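Take a look at the structures listed below.
Consider the two complexes below, in which subunit A is the common component and subunit B and subunit C are the respective partners.
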Partner chain A sequence: MTPAATEPDDDNSVKMMDYFMQLEYREPLCPVVRRYADQLLEGRLIGHQCPSCGLVYLPPRGYCPICVVETTDADETVLSDRGTVTNYTVVTPVQYYGQHETEPFVRASVTLDGGNATMNLQDLVDVPVDEVRVGMRVAAVWKPKGERSVADISNRSWGSAEGCIDGWRPTGEPDAPAEQFLGKATF
Partner chain B sequence: MTTHTIEFPYTRTLGPVIGPFLTGLRDGHVLGVRNRDGRVLVPPLEWDPATGEAIDVDFVEVGPAGTVETWAWVTEPTRKHPLDHPFAFALIRLDGADTALLHAVDAGSMDRMRTGMRVVARWKDERAGHITDLSFVPEEAA
Partner chain C sequence: MSRPAAIVGIGQTKHKKRRDDVSLPGLVREAAQRALDDAELGWTDIDAVVLGKAPDPFEGVMMPELSMADALGAVGKPIMRVHTAGSVGGSTALVATHLVQTGIHDRVLTVAYEKQAEGNAQWGLAGGRSGGMGAGGIFAPWMRSYMARAGAPEHIGWMVAVKDRRNAAKNPYAHLQMPNLTIDEVKDSPMLWDPIHWHESCPSSDGACAMVITTEDGAARSPHPPAWVLGTAMRSELGTFPGRDPVRPQAGVECAHLVYEAAGIRDPRQQVDIAELYVPFSWYEPMWLEGHDIAGPGEGWRMVESGETQIDGSFPVNPSGGVLSSNPIGASGMLRFAETALQVRGRAGEHQVPDATVGLAQAYGGAAQYFAMWVVGSTLDAVDQKR
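So, the complex of A and B:
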């Protein structure tokens, strides 16, 4: 714990103290996430397709939790970087400690073309918050190759491509019918 | 490898003893409190650690010099340590105190540290009212 500066009270005596408890830890990426991160740097989204049920997991987990079977490099599949908004939340930021956003923003679930693989908590770019809708067609906005970073990819950031994809931009294609996404669980 | 940092920001109230103690540090004084037996506790406490009795708050200024009772050399300080170069953590019994204060001694070299040595407070120019407002140096170097 590191004591930070104290705040003098109005009688100019010290009555309060800011106190930061900080935990910092480092962890190695597990092999399947390491491979996912390396492929992100190359501009590819990869997943594992369960050999039993066919569901695709992105990033690969090395197993299908539904079938309880292991998945390996042999089950790897390259996924599309285009997809459809299948759910979203408008976040109105409260200025708590660590919140850097000041204006309402969207976090969307994007189901990638060709399967069930869905990336959650994705940023949308070049679209006003009130125009976002389920069914909207979007494409990944990749950072230039030299600017990509996987420093924030962790073993638990399932579906994240932060540091490699700036967000998802509407393609202008006609919407996919929203009904086909509603009431469905995504993986 | 990925690095995670979790921070919990708290603001603590300091109370009737630590508040004045840190106010004293900000103003360049080290304060202790006198217990019922007349012993001077530094750092000051709200309760007597020997008996558990509440302390009648009676501040006494101590130091700024004192005697090292025991010490440990820190060869590789981390960024959370009070000094950014090797130093000693020492129990320092300040002049006028009956208990020892844990603090940093900036001795330059482990060879200059010994139990029983005299040290004196070195104050920061800009003080915020916390324990790192001061550190200690060997008296002959002051």
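So, the complex of A and C:
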């Protein structure tokens, strides 16, 4: 719990006080997410490729919800840690308790080389926000091995690698043609 | 066999940034009392209560459906809670409707609310972590995709923002009252989540909405004209999966076709008089016009540009002022549903669309993955009159 500021009203009377409650708990990761997390610690991104439709799930779910078939270790595939920015936005941070961002920051979708797997809500590093563009080639910036953490990986993670990857850095390669991606959002 | 259901009572609070004159139970009771007054019914006439609101962390009040039973006259009666993120106000009204249609109850009170000032939705959405980007940050890239896909010029978003705020100025319950907002003011307002400007974004509101839904017999005894439920549909999909199209989610397409079919609508653009679509950020108006096949690909923004979606246009969208003008999150979906019922009852006041007999309401939530829709009419054969 965190006591926070009181906010005086127009007539200077205090009618509300912020009082943040937090409950910390750890849930066991299901085996496929556990393996995803362990591989992240090793510096590898893995997914499951559905044996029926061929789509790649990152992180693996242990099933393809579209085909309603199970996926197993046999369907595991190691994914590239290089890719292309296929969508992004520049976020003006809203200030709330626990928000440390103060300046506009980028969140991008990165489609990994060699398939359909896309990582959403990714941070880009070493590039000014006004130079980010669709088609930009990027590579993952892994934290040093001993500094990686999977504490924030949950069974519901949307492809997050936070704690292991600091963000994605432009590779300097020529852009992939933006027309290939504009208008074709995926999530 | 399903039996007809009708809306005979509608109530809402004044929506504003902070309703510190009422408690949470006081807020919901205010809307519920107004719905009962509209129906000329008392608390004892109600058989069951269906409640909806956004996820509990937004206010930090867990399971309010239990603590609010007293304020909602539900002690000793069935009360249930619906959870479908931002679409919840719509789904809640649909669950109440289905309880009547299936013959389980005869008079159901349905209520939805949010008291954003008593919590911190941004903190809740971010799970207390840094780097929270809000709903706008999630949706913004999909708007960029829509613009590229449809070839839409950027002033379309500004036009929607101005239209909805002008409509809200006719609605005394609406939070934002900006009758003189101009395109330039929208364009020059701060960029929150590229391409969404400050004025293209919904406010944070306290407010509640309630409806009384009943049978044909109940409707016959209603002191004011009822609105008839002509079709309902709910659909959902995963928030993320490879190949998912978040600009035109499949669940939204299917939900729309289901509700049109249920109501006997072949051409929504011709057979619907007024639509209330969940538009928390300006670009969602053209996106849903296309995403629900009201307009063809690339035609949604043209409907905006030509003025078709204005209150005096051929397909008015959000005459209430919409989510862009009032956003008590849990209630925002139900307000869309309630406005269509008000319109076909001819009781919308200054924002009444003349001769509206068929209304379409939609609410969406989550990562644009939950959908709820209904079609209401002034009569049970209102759609048939439009062929």
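In this text, the second predicted complex is superposed on the first by the 167 of 187 C-alpha atoms of A that agree within 3 Å, B and C clash if a C-alpha of one lies under 4 Å from a C-alpha of the other, contacts with A are read in each partner's own complex, and residues count from 1 in each chain.
The criterion applied here is as follows: a residue touches a chain if its C-beta (ideal position, glycine included) is under 8 Å from a C-beta of that chain, and two chains touch if they have at least 3 such contacts.
Every value quoted in this text rests on a predicted model; they were computed, and no experiment measured them.
Participant: Have a look at where A:Ile66 lands relative to subunit B and subunit C in the superposition and call it first, second, both or neither.
Facilitator: second
Participant: Return first, second, both or neither, reflecting whether A:Ala151 touches subunit B, subunit C, both chains, or no partner chain.
Facilitator: Touch partner of A:Ala151: subunit B, not subunit C.
Participant: Look at A:Leu182 in the shared chain and tell me whether it touches subunit B only, subunit C only, both, or neither; answer first, second, both or neither.
Facilitator: In the superposition, A:Leu182 touches subunit C alone.
Participant: With the two structures laid over each other on chain A, which partner does A:Lys15 touch: subunit B (first), subunit C (second), both, or neither?
Facilitator: Both partners, subunit B and subunit C.
Participant: Determine, under the contact definition given at the top, whether A:Leu29 touches first (subunit B), second (subunit C), both, or neither.
Facilitator: It touches subunit B, and subunit C stays clear.
Participant: Contacts for A:Thr77 in the overlay, against subunit B (first) and subunit C (second): which applies, first, second, both or neither?
Facilitator: Neither partner.
Participant: Should A:Gly98 be classified as contacting the first partner (subunit B), the second (subunit C), both, or neither?
Facilitator: both
Participant: What part of subunit A is shared between its subunit B contacts and its subunit C contacts?
Facilitator: On subunit A, the residues that contact subunit B in one structure and subunit C in the other are 15-16, 18, 20-22, 97-98, 152.
Participant: Quick check on the complex: what are the subunit A residues that touch subunit B?
Facilitator: It comes out as residues 2-3, 5-8, 13-29, 97-98, 151-155.
Participant: Hey, which residues of subunit B end up touching subunit A in the complex?
Facilitator: Touch list, subunit B to subunit A: 1-14, 19-20, 22-23, 26, 80, 128-132.
Participant: Tell me, which parts of subunit A touch subunit C in their complex?
Facilitator: So the residues of subunit A touching subunit C come out as 9, 15-16, 18, 20-22, 55-57, 65-66, 87-94, 96-101, 105, 107, 109, 116-118, 120-121, 123, 152, 158-159, 182-187.
Participant: How about subunit C: which of its residues touch subunit A in the complex?
Facilitator: 20, 60, 117-118, 120, 122-123, 126, 128-134, 137-138, 140-142, 144-146, 148-150, 190-194, 238-247, 367
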